[in-house]
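Below are two complexes that have subunit A in common, paired first with subunit B and then with subunit C.
Right, the complex of A and B next:
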């Protein structure tokens, strides 16, 4: 069966959090008229996920026995699904009931390539509402991160959005070459968005309810960010516009 | 896809206008990118335009693509590309005459004088797409230093020096090689801006200074006379009259006049907001530029 939307969730351990993530995803997907599927990429969890852990028939498990980079795991997972639209979702993102409907509203709009979403910390502060780029060594950063802010419009255009909750047409994802697997963890999403924009497609961030993002709960994540950042700046320094 | 070819990333108004145009097209849903040597992006002003390598863009250019350029020296090589070629006319130098004479090249202009120049050179339907002032220049009541005068020494340095000698009670602040945000900050804090660049086509800095609430004292320019209204929103003086004009303007008895002209300048600059330019461009995309929506 062909699905309209497939969520790709790369996850390691944190079983209970993943269960909540899936629960919220399916609740949000209930507002859609189309079929959805989920591919959970078990990124070398010490205690492998089992089908019985996630009894919903729409969930498929893909197991990596050795820890794999986020980009490579996502690219591999995409090969396993047949949906038109992909949603890359972190296991620590809990979608709001309205999130998917609001994101999907923009899928067919001409020129839209990537759709991200406003995300909030559990205390209500903004975790993500779009990524902007500062000059010199500042590079990309989350606009208004940590502030108390309410959206003023349905969506806004950016150079990039976070991969924690990123929707993209499958055909575009493949055409652009997927995520760059040179990145260990972090900034592959920004690299991807910049390439999408180079192809002439737009990147937007939508106000899609109040989805939560706990952010970086997976152990060892922060250390990997450093090398990714170095790679990103090596590749992109001086090649993006300054809007931050 | 629409590629706007720029020669480099230098601090030069024409580069900024190109990015501004691509930003406007993107905001209106038209796929457009900057094509720059080495894929390098200008970083001295705010933009969110995507940048691609110009050489790669040339190689992958398709007949359905659009190439835009604004500097005459790009014309011969871009003329070889298979798609639509558009000249974004930002200046009216005789060097552009061969481009205007080419019936295969579409012509966009940024202001009235450029449109008139194109018409005089046989372009049938030049399209004035306008120009805009970035919102960072918009004066919102920041404190001004009444004795501070901003100027750009890159062009007309001698005239500036002469004005400074004649009117030495003022404090002069040079703007050179700075990022746009810093330029805007200085302009907002100054009360007067000296536009000393003779033979200037349009003079974007003078208009930015007006938006920032400066009283502009300018030499006569070409396209800029569209917004410079001597005695109403600025002072326009020939180079030989420039220093005395400044001297008279900063005099105590001219306080009321300075205030009125500044208010008029802010009102004039309001005609060049990003929103207005985009609204106008949106109308063009529903009309003569409608094919770009499908590019």
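Right, the complex of A and C next:
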């Protein structure tokens, strides 16, 4: 059976948080008229996830025994699904009831390739509302991160959005070769968005309710990977507009 | 990742495995050669195997699975062999990991010992004995040999030093869905015990009973496995006793079983301060008895006295156990 939307969640440990993440995803998906599925990529959890921990039949588990990069895990997970639209979601993102409906409203609009969403910290500050690029070594960063802001329009165009909650057409994802696995950790999402724009499609960030993003809860996760940043700047410096 | 299929032979042993085989075959589709050794399946096992492009070889049904593994190890055309059972499977990144293992360590080692996750009654068991449950399954052709038994590790024919043991966490694992329920676990354990071979001499029922207690304490791990831990530990302890009885009968019922009751079993406990249900029952009896006698000791003194006696009894049993060990 072909699905309209498939969420790919790469997750390590944090079973209870993941359960909430799935619960919120399915609640949000109940507003859609189409079938959804979820692929949970178990990225070497010390206690592997079992089917009994997530009893929903729409959840499919894909186990990795060794710690696998976000890009490689996502690309592998995408091979397992047959949906038209993909949603890459972090396990610490709790969607709002209206989030998926509002994001999906844009997926058939001509020219749009990637749809991101406003995300908030639990205290109500903005975690993500689009990624902008600074000059020189600054490179990409989250616009207005940590500010108390309210959206003024339904959506806004950016050069990139975060991979914590990123919707893309499956066909486009495969055509441009998925996430680049040379990034060890981080910035593969920004690289992906820039390649989407190179292919002639637009990247937008949607005001989609108030989804939460706790950010970097997984133990052992590094805040910023130096080698990924070097690789990114080496590859993209001078090829993006300075807008931040 | 990687280029082309991995030049390796995967040998899968099956018997009525239509429910689990598709998942396993899917998880090793990257292997260049897949051989299914089928033991007279009565369901669609062979058909599923053929449809997926695996080679099917038939073998008569055998009571012990390990011994027959040896007969098929040479069948494959590749240097490296990965042996799996039909209720096992590998993770999504197994292809990359196996490729890396062989490339990085293939020169120095002939065999790899891989930890295994055992799923029992819907739960991954984490207690001792069930995890990491190292299995020697990936090896160079001709370097490993099993003995004719069930679930015993094979011998490395070259040298023990040529064995590379993968240390969890974060390494390749075999995923094993052993038993769907406790009932199935009991049934299978019973079958293994009946089908196993027992030495013709050296029977000692005391040893089996002592091992049963040891097994219980070894397996019990409530913190990791919760309530299920008690069930599994009990079955494993019970398995030792059953094996003792089978052994006793097969050696002609020569030895006495009653000697096992001289065993100071309670002192083997890792919980010496724990009051066992039998002891509590005895305490209740004494209280009942004393209640009917006027002028009896007060309740507090009675309990105190019982505890003191109890401790002495434990000391005595401990000494007996030491003597028994010597």
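In the analysis below, the second predicted complex is superposed on the first by the 242 of 244 C-alpha atoms of A that agree within 3 Å, B and C clash if a C-alpha of one lies under 4 Å from a C-alpha of the other, contacts with A are read in each partner's own complex, and residues count from 1 in each chain.
Just so we're on the same page, contacts are C-beta pairs under 8 Å (C-beta built on N, C-alpha and C of every residue); 3 or more make two chains touch, one makes a residue touch a chain.
All values reported here derive from a predicted model rather than from experimental measurement.
Visitor: In the superposition on subunit A, see if there is space for subunit B and subunit C together, and answer fit or clash.
Guide: Fit - subunit B and subunit C, as placed by superposing on subunit A, sit side by side.
Visitor: Just checking: does A:216 make contact with subunit B only, subunit C only, both, or neither of them? Give me first, second, both or neither.
Guide: neither
Visitor: For A:182, using the defined touch cut-off, is the partner it touches subunit B, subunit C, both, or neither? Pick first, second, both or neither.
Guide: A:182 sits against neither subunit B nor subunit C.
Visitor: Mind working out whether A:243 is in touch with subunit B, subunit C, both or neither, as first, second, both or neither?
Guide: In the superposition, A:243 contacts subunit B only.
Visitor: Considering only the touch criterion stated at the top, classify A:47 as touching first (subunit B), second (subunit C), both, or neither.
Guide: second
Visitor: Considering only C-alpha centres, what angle arises at subunit A between the directions to subunit B and subunit C, nearest 10 degrees?
Guide: About 160 degrees between subunit B and subunit C, seen from subunit A.
Visitor: Counting only touches as set out at the top, which of subunit B and subunit C does A:76 meet: first, second, both, neither?
Guide: second
Visitor: Have a look at where A:66 lands relative to subunit B and subunit C in the superposition and call it first, second, both or neither.
Guide: Only subunit C; A:66 stays clear of subunit B.
Visitor: Just checking: does A:202 make contact with subunit B only, subunit C only, both, or neither of them? Give me first, second, both or neither.
Guide: first
Visitor: On the overlay, how many Å separate the closest CA atoms of subunit B and subunit C?
Guide: 26
Visitor: Please output the residues of subunit A touching subunit B within their complex, sorted ascending.
Guide: 110-111, 135, 157-159, 194, 197-202, 238-243
Visitor: How about subunit C: which of its residues touch subunit A in the complex?
Guide: These residues of subunit C touch subunit A: 1, 90-94, 96-97, 117, 119, 122-124, 126, 169-173, 175.
Visitor: What residues on subunit A touch subunit C, complex-wise?
Guide: Spelled out, the residues of subunit A in touch with subunit C are 41, 44, 46-48, 50-52, 62-68, 72, 76, 181.
Visitor: What part of subunit B is in contact with subunit A in the complex they form?
Guide: By the definition above, subunit B touches subunit A via 1-2, 19, 26-27, 29-34, 39-43, 45-52, 179, 293.
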